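Labels for the chains are A, B, C and D, by order of writing; each one numbers its residues from 1.
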Amino acid sequence: MSRQRSRPLGVATVGYAFMGKAHSQAWRSVASYFDVPAFERRVLVGRDADAVTAAAARYGWADAVTDWRTLLDRDDIDIVDICTPGWLHAEMACAFLEAGKHVLVEKPLANSMAESAAMVTTAEQAATRGVRSMVGFNYRRVPALALARDLIAQGRLGVIRQVRVSYLQDWLADATAPMTWRLRKETAGSGALGDIASHAVDQVQFLLGDTITDVSGRLHTFVPTRDGADGPEPVTVDDAAWATLSLAGGAVASVEVSRVALGRKNALTIEVYGSEGSLAFDLERLNELTFFDGTASPATQGSARVLVTEPGHPYLDAWWPPGHTIGWEHTFTHQIRDFLTAIDSGVAPSPSFAEGLGVQRVLAAVQESAAAKSSIVTVGSV
Amino acid sequence: MSRQRSRPLGVATVGYAFMGKAHSQAWRSVASYFDVPAFERRVLVGRDADAVTAAAARYGWADAVTDWRTLLDRDDIDIVDICTPGWLHAEMACAFLEAGKHVLVEKPLANSMAESAAMVTTAEQAATRGVRSMVGFNYRRVPALALARDLIAQGRLGVIRQVRVSYLQDWLADATAPMTWRLRKETAGSGALGDIASHAVDQVQFLLGDTITDVSGRLHTFVPTRDGADGPEPVTVDDAAWATLSLAGGAVASVEVSRVALGRKNALTIEVYGSEGSLAFDLERLNELTFFDGTASPATQGSARVLVTEPGHPYLDAWWPPGHTIGWEHTFTHQIRDFLTAIDSGVAPSPSFAEGLGVQRVLAAVQESAAAKSSIVTVGSV
Amino acid sequence: MSRQRSRPLGVATVGYAFMGKAHSQAWRSVASYFDVPAFERRVLVGRDADAVTAAAARYGWADAVTDWRTLLDRDDIDIVDICTPGWLHAEMACAFLEAGKHVLVEKPLANSMAESAAMVTTAEQAATRGVRSMVGFNYRRVPALALARDLIAQGRLGVIRQVRVSYLQDWLADATAPMTWRLRKETAGSGALGDIASHAVDQVQFLLGDTITDVSGRLHTFVPTRDGADGPEPVTVDDAAWATLSLAGGAVASVEVSRVALGRKNALTIEVYGSEGSLAFDLERLNELTFFDGTASPATQGSARVLVTEPGHPYLDAWWPPGHTIGWEHTFTHQIRDFLTAIDSGVAPSPSFAEGLGVQRVLAAVQESAAAKSSIVTVGSV
Amino acid sequence: MSRQRSRPLGVATVGYAFMGKAHSQAWRSVASYFDVPAFERRVLVGRDADAVTAAAARYGWADAVTDWRTLLDRDDIDIVDICTPGWLHAEMACAFLEAGKHVLVEKPLANSMAESAAMVTTAEQAATRGVRSMVGFNYRRVPALALARDLIAQGRLGVIRQVRVSYLQDWLADATAPMTWRLRKETAGSGALGDIASHAVDQVQFLLGDTITDVSGRLHTFVPTRDGADGPEPVTVDDAAWATLSLAGGAVASVEVSRVALGRKNALTIEVYGSEGSLAFDLERLNELTFFDGTASPATQGSARVLVTEPGHPYLDAWWPPGHTIGWEHTFTHQIRDFLTAIDSGVAPSPSFAEGLGVQRVLAAVQESAAAKSSIVTVGSV
């Protein structure tokens, strides 16, 4: 059901750094590839007037403003896409939802559990008025991972037993890299845990369609001191994190994330082992999914490198002929497509704020466990 | 030297099928990532009025017209991007160049040697008036291949000896796939040879900065008859082609291309072997270059998988953090960037029409050799 | 220093199943490739007279006996290689050592900590009389892993921070596979933990030349019941195990092992991340080591696939020309070579029984932690 | 049918360099893994008395002799395995066959076509008396390639269209490597062509069960002069060779071989493309076969990495559990197994001398074509 509208949806994006650039790309591209309701890129929001004006011109937004509150009363703004750091999410998202704007917010949902919970409450109230909200776990929109979820849901892997997820980067491997706000607990909340383990945890629940019930966790900071503006300063967040996770359906998952894994640039790797099949994925080769079909002819069983570029694969009919790969940025294009489609058809987009809160709860339990000598902690008990 | 202009450059694109869609993407994206002279996407040209109007809306062109000749006299059009089938290239390109428009034309330059030669003449005359032209061998703008060329030019591979290029696809592997104009010599000129061996040949000359002097070739059609509208019809172009090539500098290259290589979707693979190092590339993993450094410590010599996503790699400072891959489409974005930059700075863009003609000459020699029992043919003697 | 001997060393092996077959291969081959002291393959020991006689003929042992105690007094037996199940190790090894025979015993050292400790005591006493002992962690003799240890010891990886080891197999993935003694705690001690995590733990300590100080562990049995001779029977050992490990030198390691990881056959994978470089290994491709040199030229940094078949690589000068790979079995050939060489030169072979006990202590701590909700346990405190 | 024999077969091997070492390994190992008729390793033959005596001791031969002719009359020698350079093959093989000895001869069959033809005649006469002969294309006994042939024969790939074979090494990449007899035409016959293209050509015919009918070829010497004992000397054989091959059944194959492909150590790579499936192989990873099943479910079609270590795979029931890989050397073990089994059961072993001659004819045609500007030459017309 596509709703009749008298005019295009008006869109505003808040933030124009890394995520703002990626989201702007998605808004600029989505309608060229997908059938989505009409929309207009009306406003880019940022605190520095000159910079946001330049960014709006560069990324294709009609206008730029410095005060996000000015959007609350604008009738020509229907959707707000929040790409700011996490500590700004809760106030903005709640205000926009209450003002009747559909809201897409980058992950993590918020830096504190209290904020996240408040956002869920607000989002659920807004939903009763047809106002939609979504949290930006963009890797759900990698075609290979959407395919993986489909295969699991279809039972192609049988009963899922073991899941292994790692997310390895190396931008902090150099011990002389300087101190930043990202390495202070008071500004960043956590380190690799909140930044990249959040993706890992979301994928576990997304792929299996299941819920994590308890966790054991460990955190470690390999470079405990870094040079700040005023000399050496302690790093108060984790460089790496480990967890084992129990799922309600009986599977066990392991997660390992790091920012000091020298040689790994953006290596979100996922392996899922079931009773009938298994699969593997690496974000550095995001157009591929490896699938082992345990029911195939024994002589030729093997892990198949599936090039996820066929018209029948998720999202791919919009793109290029088989073998013509897409890039990381289009996880955002697909996210916008799904968000717009959900708004248009009046259904709740996924992942909801509640799903985002679910991920936060798991991460909080990992921190709790790490603080308690890795002892298993029940999710939601914190 | 960047030229002062009173107004943005006006751009028109002719064609909106596969290549028109890809070029439109590039025009839509390029200014968000790269510093290029100001331009406006003014006109999309196509023969079907309704279809071209819809395509213009979808791909972001301000206007649509059905007669390309109407652009010849328009002062607001400075650049024409020709994405039509090859038989239409020569007339259009020459007319636009004579009208003072900068022209980018998709490969192959033209379907006949005579047309190609005429285009080169026209382009060279236009260049004397500051009117620029370029042929669209977009794979020169794959960052990994641009890096490969740099490494070779810097001498990191020593003296180049052997080059192996294959371009394997499988969209004709199914013998029941129907007859199309692409499988008739009179409309398509040739089969895999002109379509994909042209990329292979261009890469050999591009990467080595060298010229092919003689060739031995073979062509084969594995499925000689396909069902057409009126029953079985002979396929009169090649499904696959093979060649060995001598280069002026002493290297020898082999080329193998196919449209029936079941399981290979878009596998342009390139290997270059020199006296000091070697490298390998696969278009299905276009963010990677494999480099073997023969001067490295013996115990740890090996083929290194270089993820070509670092800020210091060609084109990459415009994009995302390390490990965040880009897709096939951005070979076109980079091509437009380089074309615009060349226009702006008053230098001749590359590959020139003359380079495109050079590739055509090699392909013609392959055909000549194939018709003469693979006997070696000197390039340019046909 | 090579000792003068009046006669060849006499060798006996106990057991002729999987490990006995592999060790026999090594004894049969080692002198053809390596300069080792002279020895003769005198006796194969097994309980079934006919079967052991046939095995001796097949595997190249001069004689066969059914009672291992008859070897204790034989002057012509200098070395005993114990390939029996773990519960038989302690009695045999201690008796032979006390009788003055050099002893090689398969891993695990023994099924209980008490037995292992007794073996260490006996071995240390024997060593004072020049009687040598060694435990068979054969993967230390994979050339690629010996190279890895060398690179780490040379500082090529800088300070080691993170280690990831997994050992994944799938021979229990089929839930209808029947009950065996290996799946009962009273006969097998543990499941994947003792069988394959022992290799993982030994590698961590071997590669880093460091000691594990504390662990957090988890164990799980995915198929809790299997069909035995008398109907369904509970599986009382683990199908999979997870652990995080702290090392004295500051590194953190993770271990994950499984016998139900469908599609993985013998996948011992190891990754080591340091401040200057990293490396990766997969036992299914044991002739290769992947090395990332963080000090290489930035533009061409990448994970290099080193084919560990060069004459300068560990053990390789004995074998074939570069690129001619060796198989899994020769980890045992190298082990025998090193054992014989140590005996001959009068030095203590490694890994010693004490090192074997050290691994057992880590595994015991993992079990203890798993029983205590994964809470961190200090190694040696159990 | 296994023949009753009064005594074990007596075996002699001629030569103890690279191939003699590899064959000795096979004779030493085969009976430990496979059920073969009883045999004894009686004599190793070599020209240097001291060296051959030492080699016999090291490799496990009971005796050593310097004159191969002394074996002709010995009743205790039933089988002769000829591992000498090619120019010695014809005289020895014919003499032994005429003396009633079964003969295994290393590839190439001989250095000249005339010698090869004489060997075939002698072998065919001997066969009428039950005397067997075989040529040592050992790569037919790589399990993955034996599996590949089975899959093709079973029709799993449909109609075979395109085959790509390369064999790349780099031991001559260093231009300062000195002159040897292998680089002189009068002693070596040819370079990469005879040495490694022979394997490539044999594989094409073996895998497809088909015959090459015509060829176009090219040869090149990248390092034309090397330092000899008396100063610079011309290299008179090829460093690299290229060919395209027509097969009687309609397929087309390409072959490229090189000894200067820096970074490739022993890379015999094979790709076979059919109408229903395709496969790929790399000798540097000889325990793996990549198989693409074009009839599989479209969403999960992909090139599967089959680990050829399952009990149901060719030769593998003799070895280790799944995932425990074997090395290059066992291609020879399997070869001996098949040779002994054929002798025992009274059937003609394969590849026969006639098959070896068939390969020589193809190589001769490649040389002829290369000398005639790559013009296509019919095999057998030379």
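Everything below uses one rule, namely that a residue touches a chain if its C-beta (ideal position, glycine included) is under 8 Å from a C-beta of that chain, and two chains touch if they have at least 3 such contacts.
This one's a predicted model, so the numbers in the text were calculated from it and none came from an experiment.
Enquirer: Can you check which chain pair, A-C or A-D, has more C-beta pairs in contact?
Expert: Higher contact count goes to A-C.
Enquirer: For B-C, find its twin among B-D, A-D or C-D: the pair where over half of the contact pairs carry the same residue numbers.
Expert: Checked against B-C: the matching pair is A-D.
Enquirer: Based on CA centres, what chain would you say lies at the far end from chain B?
Expert: The most remote chain is C.
Enquirer: Return the distance between the CA-based centres of chain A and chain C, expressed in whole Å.
Expert: Each chain's C-alpha centroid was found; their separation is 42 Å.
Enquirer: Hey, how far is the Cα centre of chain A from the one of chain B, in Å?
Expert: Averaging C-alpha atoms per chain gives centres 36 Å apart.
Enquirer: Between chain A and chain D, what is the gap in Å from one C-alpha centre to the other?
Expert: 55
Enquirer: Residues of chain B that touch two or more other chains: which are they?
Expert: 264, 292, 301-303, 307
Enquirer: Edges wherever two chains touch, nodes for the chains themselves; is that graph a line, a ring, a star, complete, or other here?
Expert: Topology of the interface graph: complete, with all chain pairs in contact.
Enquirer: Going by the contact rule at the top, pick out the chain D residues touching chain C in the complex.
Expert: Residues 18, 21-22, 24-25, 28-29, 31-32, 58-60, 169, 171, 264-267, 283-287, 307, 309, 320-330 of chain D touch chain C in their complex.
Enquirer: Flag every residue of chain D that touches chain B in the complex, lowest number first.
Expert: Per the stated touch rule, the residues are 161-162, 164, 166, 173, 175, 216, 218, 220, 222, 240, 242, 244, 250, 252, 254, 256, 258, 260-264, 271, 273-278, 292, 294, 301-303, 369, 372-376.
Enquirer: Given the complex with chain D, which residues does chain A contribute to the contact?
Expert: Of all residues in chain A, those touching chain D are 147, 150-151, 156, 289-293, 296, 298-307, 310, 312-313.
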